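Look for chain A in each of the two complexes below; its partner is chain B in the first and chain C in the second.
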Partner chain A sequence: MEPGEGIAARDAADRPLLEVRGLRCEIDTTAGTAYVLRGVDLEVPHGRTLGIVGESGSGKSMLLKSVLDLVPSTAHLSGSVEFDGIDVRAMPAGQRRRMLGRRVGIVFQNPMTSLNPVVSIGVQMAEASRFHLGLGRRAARELAADLLDQVGVPNAAKRLDDYPHQFSGGMRQRVMIAMALTCEPDLLVADEATTALDVTIQKQILDLLQRLQEERRMAMIIVSHDLSIVAGRTDEVVVMYAGRIVERRPTDELFRGTPHPYVRALRAAIPSLDTPAHARLATMRGAPPSVFDPRPDPAAAEIEDLARWCSALEESA
Partner chain B sequence: MTASRTTAITTILGRRRRVGRAGRVLFIFGVAWLALLVLAAVFADVIPGLPGYEEKIGSFAQGPDLSTLGTLLGTDGVGRSNLSRIIYGARVSLMIAVVSTLIGLLIGVVFGMLAGYYRGVAEGVGTIVANTLSALPPLIMLLALVAAIGTSLWGITIALGVVISDIYIRVTKGAVLANAQREYVLAARSLGASDLRIMLREILPNLIPVLASVVPITMAVVVVVEGSLSFLGYGIPAPNPSWGGMIAAGADTIRRYPGVIAAPVITLFLTVFSFNAIGDYLGSRTDRRTAQI
Partner chain C sequence: MTGSMTDGAAVRAPYLREGALLTVDGLECTFRTPSGPVRAVRGVTFDVMPGETLGIVGESGCGKTTAGRALLRLAPAQAGSVVFDGVDLTRLRGRALRATRRSLPMIFQDPLSSFNPRRRVVDIVGEGLAIAGASRQEIRRRTDEVLEQVGMSREAVGERRPHEFSGGQCQRLAIARALAPAPKLIVCDEAVASLDVSVQARVLNVLQEIRERNGLSLIFISHDLAVVRVVSDRIAVMHRGRIVEIGSAEAVYRTPAHPYTRRLLDAVPVVDEAERHDMPAPEFVDEDWASVDRDLVEVGPDHFAALSPEALDAFRDAVGSGAA
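After this line comes the complex of A and B, so read on.
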């Protein structure tokens, strides 16, 4: 157990598992400073599921990476991140890595590249348990086989010697999920985990994640650009736009109807089964603000964003 | 396990066909030739009927005579067995080829890995080292290095290793750049893996197919360059036999006794050819594998 963890566990019940306050992330690039996160506040309570949705480039993935200390060294972070009452950003890097590596499991977007192509599945899966849990070779292998079985990989024990290219996309994502579960994490993060999969496999993977989350009472964050992924599978949804969280609501409220113009515009863009063929869907004018735009005046930024969001609604009206 | 192993083997065999029949035949030939050379070099002292490399077995510049093993490839300018000198020379040539390639690999993988993984300053240093090495004319640099370290077996081996390391720096850096972008590196980092662990356990295995196709090519280069050094008199000191030295000696009498130079030249040619054939074959195989993944 990490120092300080015991004290934190005592009042864990009333604290959220993850608490992010005023998180900003700026990255120096050759093209100038990229303002990736512009002050994000977020909580994930124990055992609950949070959905993060937003357009490409809105900062969803960078938010996760900033929280989990996976940003490049050229990134400047500010704000606070508390995991289970522990100030993550104040920890020494090695300690932070050990704690987050064990207590947070991540499933990445692309199952084709998120497994090492030249290392067998069994060895890859065993790495985490040997490193964090100190298991021996054989125990780690048994745990890996057990986890593969739990995520529904047939013939689990036999497939440990297979390499990633011998698995289909959906099966690889199951392997990723099994790897993320190795150290019994308190938080499971699915970063566009189903985006690269076809729709029927998407449903299987999402059902699997939901089942595992309920069984293991983990908290979960589902990140997607697709509103239909988070519908019905999350307790709360936050909507990101240009590095900020612009809307945050319990899931059913968000889908029942929210006055927020951006969310309404996004919902107007979802085709329904009743939509006649060749009908034009609502679109927003222009592009979201550039990450290189410092947006020094919040009021002006607000007006600019509102104008863009409302443009889609005017069109559909 | 057996079922999945079998499918893996059949897919590899299925893919191998696309490399082309000629490439495979040359690969097999190359492996066979090098195997023969290595076996002969290793067991040179116990091959029955093989004379010592300094032993005079007949008059000078005899043509091939099939009656005894020693005279199979004829004799050199002072009546020593060409076959024996080629086999003992193979010890030196192959040893230098292997060890200097390992030295080059070590230098190249360390610099290339740091450059490709950390980018920034490390990348600048790696690029400058690689560019400097390839900007200097290799033979001149070799002569300078050999002069500095000494004309010993080790001096030549280390110098050759340094000279070929620029290729490995470049190849490694490129492959590391491509792999470090992949999500499995991010996944490993999210599991708490340190930089060193990611480099050694995650990225290094991915470099093997890429480097495997470069290794035989640089071995071929080393064999040729070592021959050139010996030819120029900066090679392995006499009386130790070396292919380059034999070619140099034979060159003096090439007009009247072309047979003396033919044996080492053909051996050198076949050896370099074999290394290249193996390198090409591995290269075409690994390209396809990385493309598939």
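After this line comes the complex of A and C, so read on.
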């Protein structure tokens, strides 16, 4: 048992599973300091689903990496990250890895780069249970077969001896999900987990994640560039822009009232299934500020500009 | 080795129209692989009128990209005919083929990998004209013209090379390059798939403006059904190498007739569930009623799907009761 876990269990009910305060990430590069996260606050309650949405470069992946301490050594982190009441950033590195490795499961976008192509699925799946749970070879294999079965891989026991290339894209992603579930995590993170998949397969995988989350009462974070993926499947959504969270709302109220101008602009740019042919999409002017901009809030002017633009757009509609 | 050899080409598909700019009839594309032949495109037939945009949608492996490549003879077609502006492209060889290809440019998903990284972007845009033997002045004038059409300029582009541009800028440069030889039709294969939504919107708008201004026809191949909806007049749905449904964008999206089309539309994630239409759901007792191998039959005005007569009845019942 990790130190602090007993205390955490006592008031686990009223404290969020993950609590991030004022998280900053600055990375030294040859082009200067990159201000990747400019102060992020975030909470994920037990058993709830949080969606993180943003365009490329907004910092959504780096937010995850910073929380899980997967950043390169040139990165400077500040701010606090508490997981189940434990101050993650104050822990010694080895202890932190052991705890997060066991209690957080991650599914990335491209299973082919996360899986080892020359090791069978069964052996790769057993790694986590042997390391974190101390299972023997046989028990680890049985657990792997059971998990594959749960995520809907047909002939699970037989397929343990197959290699990653013998699985289709959707099946490979199911293998990744099974691996992420190995240690019965409290938090499952899906980082663009369905981006590379066809729409019908994407729906299957998102349905599967939702079912597993409900059955196991896990908390879940879905990270996506696609607002529509997050829209129907989360309790709360945060929208990132230029290293900051610019909007945070319960999902079913995301578009109610007057959301942040960036959210309104983003919504207007997404084509929908009933857009008439040859309609023009609303295109926001300008681009997010440079990641190297040292001002504390370089996006302020852009956002004011966006707000005026949104108002004009909504009046003309 | 042309369409007349196969029995499929004997009957003209009911949805082919007179006066089309491009008519693809019974296109077949088979690849030999170590595990046996793969029939990537199986008897695909469609046409594109002048100034019209045809969207081709389908999931990976359905043959949409191969079909697009085969009509430009970038993939080998074993059978079928591709008649563009009165010329059968499948019969062209050598110089004549190359000359015709210039008037049928293509825009790919990843422009960076289709640009020579060591050349200046202004030269890349004008390259087609240079190969066609245009004079230096002519190339300069036309390059300025097409750069302006995609919202860029010679001054802004300067001496820069492809890697110095963002993804959205690269895609606009790819459009400029495609426009340079003043084509009548451009094939766009996943042209906006790698872009952020705000950038995607800008590129789509540029494409639409250019289409309107120049009276261009487009073939827009994409896996993204919402994007296809915005740009297309007509839509063809491909599944396992065949077209299973084709028709006006309105008809295909509002009253999808083939179960595969319905499944596809149903799986598309939407920001707001309200934008998903109530689709008529006919009951198909027999799965074979809507197999991919059925011929396409007329199910409504400018709307065709691979359905059996029984399935067609069921569909008409469902649409009728939905409207009532």
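A few notes on this one:
Definition applied: the second predicted complex is superposed on the first by the 290 of 317 C-alpha atoms of A that agree within 3 Å, B and C clash if a C-alpha of one lies under 4 Å from a C-alpha of the other, contacts with A are read in each partner's own complex, and residues count from 1 in each chain.
Basically, a contact is a pair of C-beta atoms (placed from the backbone, for glycine too) under 8 Å apart; a residue touches a chain by one contact, two chains touch by 3 or more.
This structure is a prediction, so every number in the text was calculated from the model and none was measured.
Judged by the touch definition given at the top, the superposed model places A:274 against chain C, while chain B stays out of reach. Within the superposed three-chain model, A:303 lies out of touch with both chain B and chain C [touch as defined at top]. Look at A:118: by the touch rule set out above, it reaches chain B but stays clear of chain C. Contacts of A:55 after superposition on the shared chain: chain C is touched, whereas chain B is not. Shared-chain residue A:90: touches no atom of chain B or chain C.
Interface of chain A with chain C (complex): residues 55-56, 169, 198-203, 206, 225-229, 231-232, 255, 265-267, 269-275, 277-284. By the touch criterion given at the top, residues 68, 70, 94, 97-98, 100-102, 104, 106, 108-110, 113-119, 127-128, 131-132, 158-159, 161-166, 176, 179 of chain A touch chain B in their complex.
Within the complex formed with chain A, the residues of chain B that make contact are 1, 3-5, 7-8, 182-184, 186-194, 201-202, 205-206, 208-209, 292-293.
Chain C makes touch with chain A in their complex at residues 53, 59-60, 196-198, 200-202, 204-205, 208, 212, 223, 225-227, 229-233, 249-250, 253, 263-273, 275-277.
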